[in-house]
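Structure provided below as structure tokens; questions to follow.
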Amino acid sequence: MLEYIKNVWLGFWTVIVGMKITFTHLFEKKVTVQYPDDRYPIPPNARNKLHLEPTLCNGCTSCARICPVNCIKVETLRVVPDDPEQPMIADGTKRKLWVPVYDIDFAKCCFCGLCTTVCPTFAIKHTVEFEYSTYSRDDLYVRFSDMSPEKVAEKKKMLEEFQAKEKAAKAEAARKAAEEKSKAEAQAKAESSPVTESKESN
Amino acid sequence: MGLLNKLNQPYEAGGIILGTFEDILNWGRARSDWYLHFGLACCAIEFMAMNASHFDFMRFGTIPRATPRQADFIMITGTVTLKMAERIKKLWEQMAEPKYCISVGSCANCGGPYWEHGYHVLKGVDRIIPVHVYVPGCPPRPEAFQDGMIKLQKMIKEEAIFRKRKKLEEETKIELSA
Amino acid sequence: MGEKKRIELDYSKIESDRMRLNVGPQHPSTHGVLRLEVELDGEIVTEVVPHIGYLHRCFEKHAEKMTYPQVIPYIDRMDYVTSMNNELPYVMAIEKMLGIEVPEKVQYIRVIMCELNRIASHQIAVATFGLDAGAFTPFLYFFRDREYILAIFEKASGARLLFNYFWIGGLAADVHPTFKEDVLAIVKQVRKTNKEIEDLLIYNKIFIERTANVGILPPDVAINYACSGPVLRGSGVKFDLRKNEPYSIYDRFDFDIPVGMGEVGTVGDCWDRNIVRMREMEQSCRIIEQAIEQMPNEGDVQEKLPKKIKPPKGDIYMRAENPKGDLGFYIVSNGTDKPERVKARGTSFVNLSVLPEISKGYMFADLILILGSIDIVLGEVDR
Amino acid sequence: METTNFVYNLIPNETIAIIVISVIPLIFLIVYALLAILGELKISAWIQERLGPMRTGPWGILQPIAEVVKLIQKEDLTPDSANKPLFNLAPYIIFMGAYASFAVIPFSRYFVPSGINIGLFYIFAVGSIAVIGIVMGGWASNNKYSLLGAMRSVAQIISYEIPGAMAILSVAVLASSLDLEKINIAQEGGIWNWFIFGGQGSWSKIWVFPFTLVLSLIYLVASLAETNRTPFDIPEGESELVAGYHTEYSGMKFAMFFFAEYANMFVVAAVLTITFFGGWNSPFGNFMQGPGWDVFWFISKAFFFVILQIWLRWTLPRLRVDQLMYVGWKVLLPFSFICFLFISLFKMIN
């Protein structure tokens, strides 16, 4: 019986205690941050949308290789030595590679931050921007390269020409080398044949 | 000229009264969105955080409902496996029109980190149900969820109810002429 | 209110039609996408069959395809509530294989982060447990505090939930300058809220009646099922890897292992499992305070490592105390930069296996609470 | 006392007057339900240190209107396997049960929709209609969760009516009437004469106070159970039964359930006000007393109890089915019997 009375009393009392706590919270300062008008502070190193600075990228593709989900697509073109436009990377070194394609698929990206740590020129980094939800998934496929298609075509042509030239030069060199080799061989043959003949004759 | 005559007058192809009436209906649907209380994976934890005091999803007029019948939109928060996909399709079919879907996080958008080797993961929830807004992130910040919600509300506000047929006719006309 | 003794029914005499109820995968309180096939006799549960695999994301298969640093983001996504604690055993295992010693400061930061994450995880566990019981307000008080902890994580690593912060041989980045003060402020806040929640929820008579004497897990059954963490300690078994097999630098701190004592019911009931989590938060606060005191201010946070991490051929098993229990990684290396095999011992998976054993004979509403008190995360159950 | 309903004086035609009288509570009910929904959203938010709806109109005050506009547009689903007539009828029966109670609620001494002399009895009789609707809805949905919720609801409402009725019966003893108006008139003359303090009479009524206090608490608890509010919301316990008996309902039919819940909340709050807290009477005797003030005092008192219900909901966890029965039969019932016995004795001696 005593137990029963105690239980009933406890039930009543703990309800009162709980109501007291919720009542005090009723008048406490609210912690809500009203998002579109007001913003919660985001630290500068927050890992949100990725951003690539095309002038910094030297096309080493280490970001694409470290990416665990393979959401970075990089294509590079070699810079031709006799290119009239000899670009410098922002850190002062000569550009060896054009980057016509640098795409990040934010629908796949897992925001792990590995790509930003391996980048030698700090071209790719996370920004604090997070408001880029879209109505279409294709909009999440972002192209970062600053090269226009014409420029890419031009550079490609240049490279092809250069490669053709190089190939021709190589072929020439190879031909020359082959010629020389055959000459040398012939010479060697000419030098060695009497010996062998003499050997045979012996 | 009575008010009824104005109905036939061109106001965005619907008449003044229908136009404003439609705006009121759209306002109601945009401002009172009940969502299905449904979490799948990591994003669901951020979803819970978004419901909590600091971000307070209810500011947008949303109320969590446990049953799909009473929900207006569903947030797919997390990895959709093939086993789960049929359940999600069923849930979507159980919801009453008008209904919307927000796909949250990389996993729901297109398989996310599992798109390459995940033999068991559906590569994007839009393969089974229509998705209205895609929220990127893995997981997105709570504010990003709310950004997606604002985009959805904007979309609902501009929806056509009465003008639908007219609009469709116009579209087909364009298609035919093209 | 309810009596202390549970009313025992002789089921052989009362016979009625059984009802098969399908709880989940879409259900408000299955903590994700667990599906329970429940056989009900009226409201009394006679059989529970958990069906898993709704969140199978093939972590182990992915790990074989990735290099060692690339695996860490996937480990985050296993038990997504406690990412820091997940990373720790994996990182320690690789470091042991490589034979490197991480700097002193890194050790302390790791311990502080792990304990903060343990608090955050227990907050979610207790909050959702309260939610299962029908109390919504404590849930939001806990989540309010958790936000402050996440702010620390975000300042350090940049992410709020899946951090990728512990790297092989160190950390991704150094902590911010005001780290120590921020953490101490959080410890203070956590203690304040816990006190409030104890009055509002834990010692509420209705909550006690709901959870005491429900889902009793005897210690021998807990050990037989290889349970660990608060589920095991709730049954009164004093086993904690931080104390019994100290790893990292846990042997330098003074803390207790809270166990269930059956204060309001029987040892090993839902209330005990829950109170163990509440008290572990307090112990974590103690560890954090000591660690903050001992932590060196200066120092490097990343050991020099070769560009490609290639542990020597061999295998290793490393385990650590996750908030949910004992998390272990078995890693086989074949000498290349990709692991041959990474096997994870999922804590939640092992703990979940005890559910059918302890939920028979209780009401349907109790089943939900028992599931909540085991505190599973489906990402780790299915992996 | 003669019922002097002001509408009869305004409108000579009796048929039109009756229609007007029956519509007035409906309009009041709609306005009240919108306010109560807003109150629930806002109070729950403030308790949890949030702000609640903020973006629908200034400070979110248009939120309930937006919800109504939305619910009208929702598709009205009827599951294929449901029993269609019962399924479609259930929400209206529940709402009817709640609305019928308004027939006898005396808002003011000049406005009582229908001044029957067995008002208390009528409210209890009509209040039980809701349970039929719940069972119909739960069973016809052909959903196991709905069925479980409906079964729980029946057991709960039937067992909680007894302690609730006992509590109200003691007031009937004190007032020697079942007529709600007479009960109100018996409490005239300031806060000291309310039935919570034993009604009009000499100082000896102080002996009654502990018992009336307990009885009012018992009625409050029982009314929580009757309206399916936390901690007794097990028929729709969200974490267990998804949404209980209205799992399968959508659109306007669900709105009816929603509406009926809030209407019921007001009915029980009104009964509590009338029986223990003086009804339309001002707490300051003749100060601020009059036909207009009557409505003000009555509605503000009733609103206080509605807010109390909301406050309790966001504080407490939920009970289990068997514990609910335990509380009903083993705690509330004996206490209400003891208190009733003492009050009857007191009345006899006086």
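In this document, chain identifiers A, B, C and D correspond to the written order of the chains, with residue numbering beginning at 1 in each.
In this text, a residue touches a chain if its C-beta (ideal position, glycine included) is under 8 Å from a C-beta of that chain, and two chains touch if they have at least 3 such contacts.
These figures come from a predicted structure and were not determined experimentally.
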If you take the mean of the Cα atoms for each chain, which one ends up farthest from subunit C? D
Which pair wins on C-beta contacts, A-D or A-B? A-B
Subunit A-subunit D separation of Cα centroids, rounded to whole Å: 64
Averaging only over C-alpha atoms, locate the centres of subunit A and subunit B and give their separation in whole Å. 32
Centre-to-centre distance between subunit D and subunit B (centres being mean Cα positions), rounded to whole Å: 37
Could you list which residues of subunit B touch at least two other chains? 53-54, 56, 59, 66, 113, 116, 138, 141
Counting only residues that touch at least two other chains, what does the list for subunit D look like? 47-51, 54, 238, 242, 314-316, 331
Residues of subunit C whose C-beta touches two or more other chains: 1, 27-28, 73-74, 137, 140, 144, 162, 200-201, 204, 206
Specify the contact topology among the chains shown, as one of line, ring, star, complete or other. complete
Subunit C-facing residues of subunit A, complex: 3, 7-8, 10-11, 13-15, 17-18, 21-22, 25, 31, 42-43, 45-47, 66, 68, 110-114, 117, 126
With touch defined as at the start, can you tell me which subunit D residues reach subunit B in the complex? 41, 45, 48-56, 60, 62-63, 65-77, 238, 242-243, 247-251, 254
Of subunit B, residues touching subunit C in the complex: 36-42, 44-46, 48-49, 51-54, 66, 68, 78-79, 81, 83-84, 87, 91, 113-114, 116-121, 138-139, 141
For subunit C, which residues count as touching subunit B in their complex? 25-28, 32-33, 53-58, 61-62, 65, 73-74, 77, 80-81, 124, 139-140, 143-144, 146-147, 150, 160-162, 378-379
Give the list of subunit D residues in touch with subunit A in this complex. 43, 46-51, 54, 311-312, 314-316, 331
